[in-house]
Each structure stands twice: as C-alpha cells, then as structure tokens.
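The structures considered in this document are given below.
The two complexes that follow have chain A in common; it is paired with chain B in the first and with chain C in the second.
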Partner chain A sequence: MIGYTIRRLIVALIVTIGIAAITFAILHFLEPSPASVVLGTKARPATIAAWNKQHGYDRPEVVQFWSYLKQLSHFDFGYSYKLNQSVNSLFAENAGRTAYLSGASLVLSLLIAIPLGIYQAVKRNSVADYSLSALNLTLYSMPSFFLGIILIQFFALDWHILPPEVSSNVTTTWGAITHPEQMALPILTLTFITVASFSRYMRSSALDNLAQDYIRLARAKGLSERAVLFRHLLRNASLPMITLVGLSIPSLLAGNLLIEYLFNYPGLGLLFYNALGTSDYNILLAYTILGGMLTVVGNLIADIAITAADPRIRLS
Partner chain B sequence: MSDPGIREAVEGLVTPESTLAPIVPPEGGDVRVVSSGWKLALSEFAQNKLALVAVFVIVLFILFSFLGPVVHHTNQTVFNPLQTDLAPGAGHPLGTDQHGFDELGQLMKGGQTALEIGFFASVIATVIGTLFGAVAGLIGGLVDGLMMRFVDVLLSIPILFIVLIVATKYNGTIWTLSLILGLFTWLVPARLVRGEVLTLRVRDFVSAARVMGAGKPRLVFRHLIPNALSVVIVNITFQVADSILLLAYLGFLGFGLSYPSTSWGDMLGNAQQNVSSGYWWLVYPVGACLVLVVLASNVIGDALRDAVDVRLRRR
Partner chain C sequence: MTRGNPFVRAFAICALLIVAALALAACGSSSSKSTSNSSKGNSANVAASSLGTTIFGTVPPAGTPVSGGTLTQGQLTGQTPTEVFPLANSSTVTTGTISLNSEMYMPLFSGPTGAEPKVYYPMSAASGPPVPSNGDKTYTIHLKPGLKWSNGQPLQAKDFLFAIAILKAAVTESPANWAQYVPGEFPVSVVSDSAPNATTIVLHLNKAYNPGFFLNNQLQDTTTVFPYPSQAWNVDATGGPHLSNWNDPAVAKKIYDYLNKQGTTVSTFATNPLWQVVSGPFKLKSFSATNSSYVMTPNPNYGGTPKARFAQLDVNTYTSYTAELNEVKTGALDVMVGFDPTQIAEMPQLKTQGIDVLGGPSWGWFGGIYNFKDTTDDFDKVIAQNYARQAMAYLTDQQAYIKGIYKGAAVAAYGPVPSAPKSDYSPKSATIPPYPYDPAKAVAVLKANGWKVVPNGQSTCVKPGTGAGECGAGIPAGTPFKFVWANQPESVSSVGALESEALASEAKAAAGIDITLQTKTFNFLVSNYSNTNPANVKYVNDWGVNNYGGLFTDYYPTADGSWNHPGTGLNTGSFENPVSDALIQKSVYGTNPMAVINEVAWFAAHPPVAFMPMQDYMIAVNTKKVGGAAQGWLSMTQQQWEPNFWYAVK
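Presenting the complex of A and B:
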C-alpha cells in the first residue's frame, strides 16, 4: 500500500511536469512574451527587447521552462504584471471562495444523487424512474449557464426570493459562508448540473448491486427493506462514486468558471476569465496547471480512498 | 428463390431439392445464416422509439438551420437600431435582438454554426484519435506507454481552460473553432480505439493477415480500424454533443464566432444581460434549441451504444 502510494505520487509528479510543459508550450506558442501586454501596443521594439531581457523572456524556451519549473517546485506561480501582484497572493485571496462554491455543491450533489440513484434503481422502469431519468438527461445536456439563467429568472426576477448575482459585499470566504442567500443560486446551479451526471452512475451502480446475492440474503433473513437499502445497498452502491468524484474534477472546475462568471462571484474562475481578456500570462498558466494538478491529486486520493473503503480492491 | 410465386411455379416442373438428398447439417451443430452485425445493430436501433425521435429532432434542426433561411428571409448583416429588442409579432415571429436582427433568423444561423462546428470538430477529433489509438495499440511496448502517458497528461488539463486560452488568440470562424475544438478533444477516441486494438490485435484474423505479409499500415487501415469502427461511431455522437456544448461555453464567455457569424452560445451570452429587462424571447428559444440538439445527440449515442452491444453479444 505504501509502496503503491509512493509509486503513484512519483507518476503524479511526472504527469504534473508534463501538464506544465504542455501548457507552457501552448502559451509560448501563442504569445512568446507578455511584453506587448505590459508595455502597450505602442511600445518601441527596443523597449520590448529591454523588458524581455530584464524579465528573462529573451532566453531559449527550454531554459525559461526550466526556471519556471524551479519556481513551481517552491510553489511560486510567478507574477501578474497586469494586476501587479504575485499570482500566489491572488490565488490565496480567491481560492477559498472557489473551494467553498465547488465544495458545497459537490457535497450537496452527492447528498442528492446517492439517494436519488437508489430510489430510481428500486423503482426501476416505473413512471417516477422514467421521468427522473428524462430530467437527468435534460439537465446533463444543458449548459450550466442556461440553467443558471433560468434559475435567476424564477428565483430572483419573478419571485424576488434570492439575489440575481452575488453582491459585491461578499469579499471574503467567511462572508460567502455567512451569506447563504447570496450563495444559494450559484451553489444550486452547480449542484443540479453535477447531480445530473452523478445520479446516472449511481442508478446503474445501485441496479448492479440490487441483483447480487448479498441483497437477496439480506432480504431472505428477514431484514426490513429499509435496513436492506440503507445498511447494505447504500454503502456498496456508493463505492463507484469515490472514483467518479475524482474523475469529475475537470468538469467541476469548468462549471465553476462559468458559474462564477454568470453570478459575478469573485473566485479563481473569474480571475482566470479576466486574465483571458487582458492576456495575463502567468495567471492563465498557473490556473491551468493548478487545475491539472488538482485532477491528478484528486484521482490519486480517490484511488487510495477506494481501497480504504473497499478492502476487496487490492492495488498493485 | 425468395418469391413464393416463383417457387410454386417451379415446383410442378422440377423435383424439389429436398426430396433428392436430405440436407445434413454440418457437424458441430446448427448453422444458420446470421445477418451481418451492422444489420442487427441497425434493427435494434430502429426498435428504440426514443432514439428515432432523437434522429427526427436532429434532421429537423438540419432542415431548420439550412433550409429555414430560404423560406424565412431576414436581414442578418446590417444593424437596425430602430428595431432593437422588439417583442415577437408580425414579421418577427420570435422578435428581434439588441442589434435589430430577426431572432428566428439568428437561431437558424446559430444552428448552422453549431451543427457545422459540432460535425467538423468531432470528425477532426475522431480521425486524429483513431489513428493515434490504433498506432499506439498496434506498436505496443514503450512507444504505446509513452503515447498513452501523453494522452493521460492532456486529459488531466481541464479542456475548457486550454480551449479558452487558444480561442482568445484567434479570430472566431467556423474553421478555427472546429480546429481548436477538434485538436483538444481527440483524447477519448484515442483511448477507446487503443483499447479495442489491444483486444483485436491478438485475434486470429490479425495474425492471419500478418502471416500473409500485411504491413503495419495495411493492418491498421484494413483490419484494425474497420473492426474498431463500432466504438468510434458510438463515440462520434457523444463527441458532437460535447463539441456543441463547448462551443456554447466559448460563445457565452464571449470568445465564440465573430460578427457576422453567430452561435447559440454567443446569443445566450448577449441575452444574459437582458434577462432582467424581461426579453424572454432572446433567452428561452435559443436555450431550448441548444438543449434539444445536445439532448438528441446524447440519446442517439446511448441508443447506438446499446445497439452495438447487442451486435457484439450476438456475434
């Protein structure tokens, strides 16, 4: 187990370096230096050359990548020339709010998707199952921002229950947590979209488990249906969800970006979006690499967690 | 002699075959004519009512987007500041948008780009992915390991981020966007085809072809890819759905097609600012079209996968 974890960590490290290399290469191919963005389009070639020399953008790409990797190994993501702050401090400022949005909707979607999937499996091929499946597939095919717009229309504009976007007073993570009414719509939108993909897998996992002998045994020995479902089925059928959560990190991050943009919620996604407009090089590079790292680490944690949860699975 | 009429006519003249020599089934059991796998899959698909409805929806959208403008003539190139944000009414069945363009005409244009980019991007991705996966699976060993680690690395990068970074640098046209989306979505087909090829390459027909002197290119193009095609075709439909969604994300964030082209994502992005003004006709028809096309593609994909499963089971 420990040997396996160490080997996986080494692979994760190599993959992370690969992610950094590919992202770095793509960004450098598109724009070799942020000089024109920093100095403006009217800057003279000599000024640009001087700036490049000063900040090391005149060196060969491989050398630049090597020094970027050295920075990364100290968890230093570089400097945002547009916002005049280090990327680290920008991330530290925004990460909490993004983690809160993603984390809250992830937990909520698991809490909804697991019982929903079991319910559909137990009532399979009934009207309820069919309509829930249809609803799921529709939500699954719906861009998250469109669902967000619909929810804004109803909850904010028609019924005046919730605000249409996150108020600019919510500037800290603590502020986001203590203002649930501000956060309700973003969290709900992301939750519904995530539930749509999770509950499909949960339903088929529960269906597979319902057909197995241990469920028949549990019923045969006279357990109540409740005990069968909650004590036996729930645990076994939820196991694939661990892997699924690990795998869905990239789509969660993407959903996060769209939702933060739609609700004007200051998080990492909105930071990335604004950096796109201003070509803020280091932020784009850093958040893409961070997203890749989160995916790798998330999958690693999921793989280790599933062995802890299910002793039948032996990793090698 | 399939026609029963002919059979009756002939029977009086010649002795039926069956009375001459009884047909002995060959040893090893019953041999019956099995219809080809594709026919089986197709008939299985045709039995799926929901899938047929989905096909109908897609055909409808193709007709709507490409033939619609022939029937419904609208001005889609010149801004009309006197007719902005009109509610649905005479002349404009779905009203007009913030530039004074007829919304129904915009929907058709957006449908064209969505279908075209969805199609081209998934074809590009499928061609790259199929070749990459087939080559990796066939060569195997270290090369395969390296090629698939490359796919793993690319798959770990959130695709929306990288596509956004690239899309900001290029002017949004049908071709640039198809290329960008295609170049970053070939990873899943590559994995699928490689998995198929790994199981196929140890099969007897591949060994036979190899013994007969087939080179690697011939093995890939004549034997491995055609046999992995079912997986590829199922994946294409999902690929179309994903590309259309990604395109909508790009458009919504403002990095979609540039004027005078438009996409449903662009339209929703523009309309988002107008939700509070109550211009519902700028939001719901577009959103409904987007959801319907993606939903139909997903349903067709699911049904095709089930149908191909049947084919594989009965083979």
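Presenting the complex of A and C:
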C-alpha cells in the first residue's frame, strides 16, 4: 500500500510537470511575454525589452520554464500583473467560495442520489423507475449552463422566488454561506446535474448488489427489508460513489467555470474566465496546472479511499 | 435495460420531449417578445435635433426626484476599473477606469454635453476655454474660484502644474504610460508653465498649436486631464515626507512611480488615503478586489453642478449582458450599461415593466482599415487608387446593414465622423454620402479606369498605365481586384462579421471583386495586422483589410497620428497622402480653430478605411426607481457615466 502510494505520487509528479510543460509551451507560443498586456499596445519596443529583462522574459523558454518549476516546488504560482497581486493570494481568496459552491452541491447530490439510486433499483422496471430514469437522462444530457438558464427563467424571472444572480455584495465565503437565497440557484443547478450522474451509478451498483448472495442471505435470515437495504445494501452499493467523489475533487477547487460565469459568482472559475479576457498570464498557467494536479490527486485519493472502504480490494 | 426494450425507446422519446419542452419554456417568452417587437417595437433610430443626436428607443423621463436612497448601476466584467490614479496607461484604460476617474476627479475640461462631443463647463474645473496668445504658442487657463478638494484644501492652479509634472514624468519613462499620449504632444509640448495666481495657469508651448486642437484634443481627451492634489499626492513612499520639489523631473518620476503602483493595486482602491482626496462628484466608499464592484457616496465639497441627490451608488459587476438585464427585470438593478443589440427584441416587454432602453451613436468610426502595404496581387497599388476605394464605398449598403444587421441601432457613417451626434466639427457632408450605395456606379468607376468587370467572376485590369482611363501607377495588365478581409469571429462581433459577409457578397456579385473573408481574434488583429510595429513585417502581405472594429475619436476629430506619419501612432494600414498631411498640419498647427472640418471632409471623399455604420451604445433604465435630466442619459451613449445627474424618484 505504501509502495503503491509512493509510486502513484511519483507518477502524479511527472504528470503535473508534463501538464505544466504543455501549458507553459502553449501560452508562450501564443504570447511569449505578458509585457504588451501590462504596458499596453503603444509601449515602445525598448520599454518592452526592459520589462522583459526585469521580469526574466528575455531568457530562453527552457530557462524560464525551469525557473517556473522551481517556483512551483515552493507552491508559488507567480504574480498577476493585471491585478497586482500574487496568484497564490488570489487563489486563496477565491478557493473558499468555489469550494463552498462545489462542496454544497456535492453533499446535496450525494444525499439525493444515493437513496434515489437504491429506490430505483428496488423498484426497477416500474413506472416510477422509468420516469426517474427519463428525468435523470434528461438532466444528464443537459449542459449545466442550459439548465441554469432554465432555472433562472422560472425561479427568478417568472416566479420571482429567487434572485437570478449571486449579488455582487457576496464577496466572501461566509457571505455565501449566510445568504442561502443568493446561492440557491447555482447550487441547485450543479446538484441536479450531479444527481443525474450519481444516481445512475448508484442504481447500477445497487442492482448488482441486490443479486448478490449476501442480500439473499440477509433476507433469508428474516431481516426486515429496511434493515437489508440500509444495513447491508447501502454500504456495499455506495462503493462507486467513493470513486465519483474522488474524481469530483478537481472541480471542488478548480471551479465550475460555466456556473460561476452564469450566476455571476466570484470563484476560481470566474477568476480564470476574467484572466482569459485580460490575458492574465500567470493565472491562466496556474489554474490549468492546479486543475491537472487536482485530477491526479483526486484519482489517487479515490483509489486509496476505496481500499479503506472495501478490505477485499488490494492495490498493487 | 435491454437493447430494443420498448420501454427504453418510449422513455428515450419521453426524455427528448422533456428537453424540448424545457427548451421551449426557457425560450418561449423571448420568442413571443420577438414577435411583438416586430409589430410594436422601436425598430429604427430617430433623429432628435433638440437632443443633439439620433436616438434609438426612449430617453428615460426626469420623474419626480426624491433625496437620498441608494441607486444601483451595472458594469461588465472586463470593463471594470483597473486603475484609480487618474493617469491610465494603455493597458488599464477601460471604460470602467475612465468612468471611475471622472466620478472621483473633476476634469480640467469635462465632457460630453449630453450626447454631443463638446466641453461641459458646469462640471469642469476651468471656467472657460483656454485663451491663446503669442501666436497660439501661449495658452492661459482660468480655474473657477472656490473649488476645493474633499479634504477641504483649495483646488488651485498649482495643482494643475503638479499634474503636468507627473504626466511629463510618466510619458518620459514610457509613452505607453499615458493612454492618450501622442509622442511630442501635450504634456511634452509644454516647455514652461506658471501660476501667476491661485486660479490662473499659463502654459508656454514649444510651437503654435491650433486653439481648437489644443482644447478639444489635447486637454479634453478620451481619458481626460485632471488637476492632481499637489499637497496630498506629492509623496514617493507610503508614510514618506511631502515633497515640494516636484518640478524636478527626477522627483516627479519617483512620485509618478509610487502613485502608479498604488493606483493599480486593486485591493486598496478604497482604503488607500491617497484616493480619499478627490475633487469630483463622488468619493469611493468601498471597492471589492474580488469582483471590482464598488460603492460611491457624494463628495460634499464638489464644486461642479449638478450635485448628487442620492446617498449612495452601488456599482455591481456582471459577467454578461444577460445577467445584467435579468437583474434589471427583477428590480435589483436600476441602470444597465451596455444593453446588447441581441436584446432589442425584448424592448416592448421591458417597456411594460417600466424599463426604458436608450441608444445613440458614439463619436468615432467603425470599419475595415485598408492595408496600403499588401503587395499580394498588387493590392497595395490597386487600393492606393481612390477610384478603387470609391468603388468599395458604392458597394457598401449602409442603410441595409443598419436595418438588417444592427436592427436599427446604428447610424450611417461615411467618413471619420458619423452622421450623429451633432458636432461643431462635423462637415455638412457628414450626413450626405459622397459615394452612396449604387453597385452600377461601382462598376462604372472601375470600367472608366481600365478594368474589365466580370460580375460574379474576377475583374482584372486591362488598361495598365497612369493616364486617363487607365488603371494607375504600378498596376500591371491582368491584375485581379482581390484581397483578404480579416474580421473578428461572428461569435464575438456578429455585426462586423455580418456586414463584411454582405459586402463581400455584393462586391463579388456586382463588380467581380474577390474578397476572401478571414477570421482572427481581436488581439491577433490588433497586435499583428498593424504595420506600425516593425516586427509585423511578416504579416504585411496576409491582410488587405483589418476590420477589428474602429476608433473613438477626440472631440476635435483630426486624424493626426492615425492617417499621417506612417509608422507612428495608429496608422496601422500605412495610409499616406501629401494633401491629407497638409490638411492635418493645418488642423493641428494652423490658426483656424475649425480647420479640422476640411480635413474630415477630405477623408470622407478619399476614404483610407472602408467606413461602416456607427453602432449605437445602449442603456436600460428602471424608470420606476430612477430618474434624471436627459443630459445625464444622453452622455451615456458616449460611454460616459455621469451619475450626479440621476436621482431616486417617487
């Protein structure tokens, strides 16, 4: 187990460096230096050259990349020349809000998807199962922004129940937590989309487990159906959820770009979107690398967690 | 589920139906609005001479004012303020920066006056136009007496001298440090200055400048010139001593570097004591580093008029026009800036909710810049001929574009200034197209100059030479009239792409001019398809026309820097002509303050650009909650927010 974890961490490191190299190369190909973004299009070539020298952008790309890697090894993602702040501080400021949005919707999704999947499995091939499957497939096939637009139309513009966007006054994580009415639509949108996906997995897993001998044994022992389902089926059928939650970790911090854009919610996704518009070099680079790192780490955590949950699984 | 299971098929169909139903539900209201708009909506600009422009929609009513209250205004992500120090460089000069600066600081010469591009003295620090003397080499400016900074100190002449010293330090360090700076011109043109008394400024210039140019181009400009508080901002470090020797260029440079650094640190915009000393109608109460939303309160020491009547203005940031309009519809936002043309269909529905939409054309020009250096198929020689550019103008059906593509929210523009708004510097011909849409005339003018015109084919030069009826200098026999026309993607600039497609189609069908449309990003077009940067020589033959957008011009609309002195400023297509150079000289250095009118008229007759309609800039206002004088709404069509004109209504 320890050896496996170390091997996976080494692979994760290599993958992260690879992601960093590709992202770095693409950004440098598109724009070798952020000088013109910082100094403007009217900047004199001499001024640009001086700026590049001052900030190290006059060095060969390989040397620049090596410097960047050394920075990264200290978890230093560089400096946003547009916002005059370190990327670390910007990420720290926005990560909490994104984590709250993604985390709240993830928890809500699990609370709905797990019982829903079990219910569908138990009532398989019934009208209720088919109806819920149809609804799930509909939501699953729907882009998140499209569902968001529909919810805004109904809940905000037609019925005036909820605000269409998160207020500009919600600028802190605590602000987001204490204004549930502002957060309702973005969380609901993400939840509906995630429930659609999770409940399909949960239904399949529960169906597999319902056909297992241990369920038949439990029933043969005379356990109530409630006990069979919640004491035996639930734990075993929920194993795939661990993998899904692990794979959700990147979005927990890397943000939900479209949802944050649609609902005007200031998180990492919106920070990235704005950086695209202003060519804020180091934010783009850091966001992409962070996303890659979290994907690798999320996979690793899922693998480890599933072995902890199911002693029959051994990693090698 | 089993393959072929009839239930699966039934529910798959059910799922599709649900998707379709939801989609229809979401779009239903807008489609019905679209229908009603075609019958009831405002579908065309209306000339309103009393308002000094041509408007689209409705000017929000004045209403009955109520003192106090909080008003809300929107701003778009990407257009938010990025610098609070009122000396924006070319990378921080956003619409939001310009607005924030003019709300916090009183310009020496404020503008516009409603929609009209001219100085508005009630909001200016100067009491009247600069008075020329010494053969237009010396200008005397009088400040209004009694003006104060928000900290109670008087706003005096030396505050403007201090601003000049800082501006000089900025542009000496790099011309890019001040967005509006043209090398050699103001403030470098000021060789000495003095303040004989507290309200008089005397500027001695290095040469004689045209009085119209000096006021309406140099001192009143897109990013405006402001007096700076010389007793508060004369520092070069936090907590450092106040420096009285700011006339020393080395000291001024240190002060500039410090102020610029502080002024671009978004997280301290509202907390840095430097920016609490203001002269404009508002003070910054808070500024969110997270989303650039901010809150302003009236400055009780503001010396201009009108003064704000409300207690607080919340400027909220939105990611899209849709998000902004949704907030207006729910009543959470009072004033929406940048109403999108795609939302025009909703205007009748909005009207029933008390939301007025107003649009008006900006001051400047849009169109495709010809590349006079593109040697592909001798395009440089062809487009150098004015008859070739005339033919292109004859093929441009601006009225059809305005009706079909802009949905009525644009005005015709046949030269460097549009047909509206009104300006003292517009020639009479601004509203009369020198080459009105007429494909037959396009064909005739080509034939008359030695071309064999093949409609729907490829027109070629058949009479080379420089004589009458011949193609012109350097154009060999067999030269095709063809070139590449580069646009932004339709997803980014739909009107630009659509009008280009329409023109290309017409040019091919009617006159055998082969236009190859090419799509590039805005950044690519601005950075690479520009002959002013020597590094772009590798792209010079890749484009015949660059239709990245256009330019907002100064109130005094000379093309100085744009269409003269190739290789400098904004002359991205390398246009040059000795006649226009001479006219520009008169506009900038001549004694006739109205000289620019002749220049503008010449450029309309000899277009260096394929001029296209000038799109309206639009706003939406919740008239149930906010009112104000028409002037305050009309100025927004020039992308200048003047919230001191607004108030809450009963």
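The rule is short, and it goes like this: the second predicted complex is superposed on the first by the 308 of 316 C-alpha atoms of A that agree within 3 Å, B and C clash if a C-alpha of one lies under 4 Å from a C-alpha of the other, contacts with A are read in each partner's own complex, and residues count from 1 in each chain.
Rule of thumb we're sticking to: contacts are C-beta pairs under 8 Å (C-beta built on N, C-alpha and C of every residue); 3 or more make two chains touch, one makes a residue touch a chain.
Small disclaimer: the values here were computed from a predicted structure and weren't measured.
Superposition model on chain A: chain B and chain C are shown in a clashing arrangement. Greater residue coverage of chain A by touch, when chain B is weighed against chain C, goes to C. Using the contact criterion defined above for the overlaid structures, shared-chain residue A:Pro164 touches chain B and also reaches chain C. Of the two partner chains, chain C is the only one that A:Leu270 touches; chain B does not reach it. In the superposition on chain A, A:Gln85 makes contact with chain C only, while chain B stays out of contact range.
In the overlay built on the shared chain, the residue A:Leu258 is in contact with chain B alone; chain C does not reach it. Touch criterion met: A:Thr47 reaches chain C, while chain B stays clear of it. Legend: residue contacts after superposition of the two complexes on their common chain; A:Ser279 is shown touching both chain B and chain C.
In the superposed model, A:Leu135 makes contact with chain C only, not with chain B.
In the superposition on chain A, A:Pro250 contacts chain B only, with no contact to chain C. When the two complexes are overlaid on their common chain A, residue A:Ile150 makes contact with chain B and with chain C alike. For chain C, the stretch among 26-34, 242-250 or 584-592 that collides with chain B in the superposed model is 26-34.
Within chain A, the residues touched by chain B in the first complex and by chain C in the second are 137-138, 141-142, 146, 149-150, 152-153, 157, 164, 261-262, 273, 277, 279.
Contact residues of chain A toward chain C in the complex are 36-45, 47, 82-85, 93-94, 125, 130-131, 133-135, 137-138, 141-142, 146, 149-150, 152-154, 156-158, 160, 163-165, 167-169, 171, 261-264, 266, 270, 273-274, 277-279.
Considering their complex, residues 149-150, 152-154, 156-162, 164-166, 168-169, 241, 245, 248-249, 252-253, 255, 265, 268, 271-272, 275-276, 278, 280, 283, 287, 290-291, 294-295, 297-299 of chain B touch chain A. Listing the residues of chain C that touch chain A in their complex gives 7, 10-12, 14-15, 18-19, 22-23, 25-26, 29, 77-78, 82, 89-93, 174-176, 179, 181, 261, 264-267, 288-291, 293, 314, 316-320, 323, 326-327, 329-330, 332, 523, 526-527, 534-535. If you check the complex, the residues on chain A that touch chain B are 14-15, 18-19, 22-23, 26-27, 30-31, 137-138, 140-143, 145-146, 149-150, 152-153, 157, 164, 250-251, 253-254, 257-258, 261-262, 272-273, 276-277, 279, 284, 287-288, 291-292, 295-296.
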